[in-house]
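Two complexes follow with chain A in common, the first pairing it with chain B and the second with chain C.
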Partner chain A sequence: MATTFTKIAAVTVGSGGAASIAFTSIPSTYTDLVLKWSGRIDNNNDFFIKFNSSTTNYSGKILYANSGSANSFNGGTDGKYLSGWPDQSANTANVFSNNEIYIPNYGSSNNKSFSVDTVKEDNSTDWFVGLLAGLWSDTTAINAVTLTLVSGSFVQYSTAVLYGIKNS
Partner chain B sequence: MPAGPTYEPIATQTLGSDAASVTFSSIPSTYTDLVLVSDYRLNTGDNFLILRFNSDTGSNYSFTNLYGEGTAAASDRSSNQTSARIGFYGSAQSNSIVSIMNYSNATTYKTAVSRDNTNTYVVSRVNLWRSTSAINSIVITTASPNITSGSTFTLYGIKAA
Partner chain C sequence: MTTAIEVNCTTGEVVERPLTPEELAQSEADAAAFAAAEHEKEVAAAEAATAKAALLTKLGITEDEAKLLLA
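Our next item is the complex of A and B:
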């Protein structure tokens, strides 16, 4: 029986920080991709996902709760908020969010629908449980996935691991 | 330490043409849980996928949805339904990831949790099938439109040991 769930690559941000976390030259030999990442950034600005370096044709719905009633808002056409949520500099020190991005059928010639679960909790002023439905309206096979920021950096010890899943 | 893989593909189907349904039959009972991953599009919007276990069309299903549509969150539920539900209203490429725990036991009713992602809704859902039968087949279909060519459905098995 073939191994179904395989690590493709892993990134751990070093002491200098990183403006983005990128996985490039993703092999086409899998069926689905899963990106699990834990992150924190050094400012309170926005964050994005990019497939194949594209900054267009994204859409998404975000369902979240941060105490009180649940709410919903839209992701950006540029991929804003569709990566999952990093902890930010306003959060308690040493706190890192957890996120999982599932991209089925990433090598297909269909548009790419993806799923994101995201959580952050800092025992102080900011907490967030989010479910995201993302769509990249592009039929190109995905060969690169990038987590990126409008400014600043992912801080040291942010981690991301990309897995491939085979359906046979 | 268990030997061998714990997450295995059982079967996959990619539609070569539009189809009204997809069936996984003769599901082996050798796993602990099932995961159904669907990447699909419906050829008309304003509809959703439904799911039946062991071809049961009785009023033995119920589900609760928590969903967001970009401006507000809400929840609803339905009892005594003739099918479970996956997906939600949407006309663009969509995906659904359904986990069915302890599917092969012959003692308890079966519960499934799903994440459903369309261009109009993000959904978390629980489905209940009020049957003690082991699940040995799954039919995915829709109320009226077809599932489009190129849609893929993969059933994985997870072994606890």
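Our next item is the complex of A and C:
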């Protein structure tokens, strides 16, 4: 059980927006990583997570409910949909989603499982809540985590904070 | 200009840099693939709606009557 929770780094997107947010050279001194992020993007396109800049060997299942239904679907082998959800331009203006990515044993030499919870508010008639089980089938230790988009940008005031957790 | 934010977690340095030509090319390819996939979904949905309407016409019943049959 994790006993310490340390902020490693934090980012707030500036007025120009950002196509991606990357945490690089992550120290190997922790047991687990947690990335909490709140985001909004300036279009309605797709979004990805990348570990160590890799765009392959991802898989995952997303269970979700929104104001219309409850359902599930698969994430992409390229990391698509596995980052948690940003609010998009179709959603109510100035509303940002909340997401938490938990990556246990990120430095291990086994494949990396991770979990994500996400809430995308719309503050009108729609809402979205999701739970995600993800896997990166790669035995390389994780030293970088990137949130990225098909196109467009995370808008100003999107934030991401990376925490390290030690088990002792 | 499209930028990327990189935080070096060891040094604490934050770099905001323009996307490289390779990253821009990948982004454009991803966007084109996304647009194509969305178009395919729209075409499939339109074809399904057309087929459904044709079947209802062939059967001589309304959509509500079809729902009643399947209930």
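Note that in this section the second predicted complex is superposed on the first by the 161 of 168 C-alpha atoms of A that agree within 3 Å, B and C clash if a C-alpha of one lies under 4 Å from a C-alpha of the other, contacts with A are read in each partner's own complex, and residues count from 1 in each chain.
What we mean here is this: a contact is a pair of C-beta atoms (placed from the backbone, for glycine too) under 8 Å apart; a residue touches a chain by one contact, two chains touch by 3 or more.
Bear in mind the structure is a predicted one, so any value in this text is a computation, not a measurement.
Asks: So if we stack both complexes on chain A, do chain B and chain C clash, or do they fit?
Replies: Once both complexes are aligned on chain A, chain B and chain C fit side by side.
Asks: First (chain B), second (chain C), both or neither: which does A:S137 touch?
Replies: Touch status of A:S137: first partner only.
Asks: A:T56 contacts which: chain B (first), chain C (second), both, neither?
Replies: neither
Asks: Quick one: is A:T77 in contact with chain B, with chain C, with both, or with neither? Answer first, second, both or neither.
Replies: Neither chain B nor chain C is touched by A:T77.
Asks: Could you say whether A:I21 touches chain B, chain C, both of them, or neither, answering first, second, both or neither?
Replies: Only chain C; A:I21 stays clear of chain B.
Asks: Kindly classify A:D46 by the partners it touches after superposition: chain B alone (first), chain C alone (second), both, or neither?
Replies: second
Asks: Identify the partner contact of A:S124: answer first if only chain B is touched, second if only chain C is, both if each is, neither if none is.
Replies: The answer is neither, since A:S124 touches no partner chain.
Asks: Of chain B and chain C, which one contacts the greater number of residues in chain A?
Replies: Of chain B and chain C, more residues of chain A lie in contact with B.
Asks: With the two structures laid over each other on chain A, which partner does A:T29 touch: chain B (first), chain C (second), both, or neither?
Replies: neither
Asks: Of the two partner chains, chain B (first) and chain C (second), which one does A:S89 touch, if any: first, second, both, or neither?
Replies: A:S89: touches no partner chain.
Asks: Rounding in steps of 10 degrees, give the angle chain B-chain A-chain C taken between C-alpha centres.
Replies: An angle of 120 degrees, rounded.
Asks: Look across chain B and chain C in the superposition and give the shortest C-alpha distance you find, in Å.
Replies: Minimum over all C-alpha pairs: 17 Å.
Asks: Could you please specify the touching residues of chain B with respect to chain A in the complex?
Replies: Answer in residue numbers: 4-5, 7-9, 12, 37-39, 41, 66-73, 92-95, 97, 115-124, 150, 152, 154, 156.
Asks: Which positions of chain C touch chain A when the two form their complex?
Replies: For chain C paired with chain A, touching residues are 1-12, 14, 16, 19, 23, 27-28, 30-31, 33-34.
Asks: Using the touch rule from the top, collect the residues of chain A that touch chain C in their complex.
Replies: 8-11, 13-14, 16-27, 45-46, 149-151, 153, 162
Asks: How about chain A: which of its residues touch chain B in the complex?
Replies: It is residues 1, 3-5, 31-32, 59-65, 69-74, 102, 104-105, 108-115, 117, 131-135, 137, 165-168 of chain A that touch chain B.
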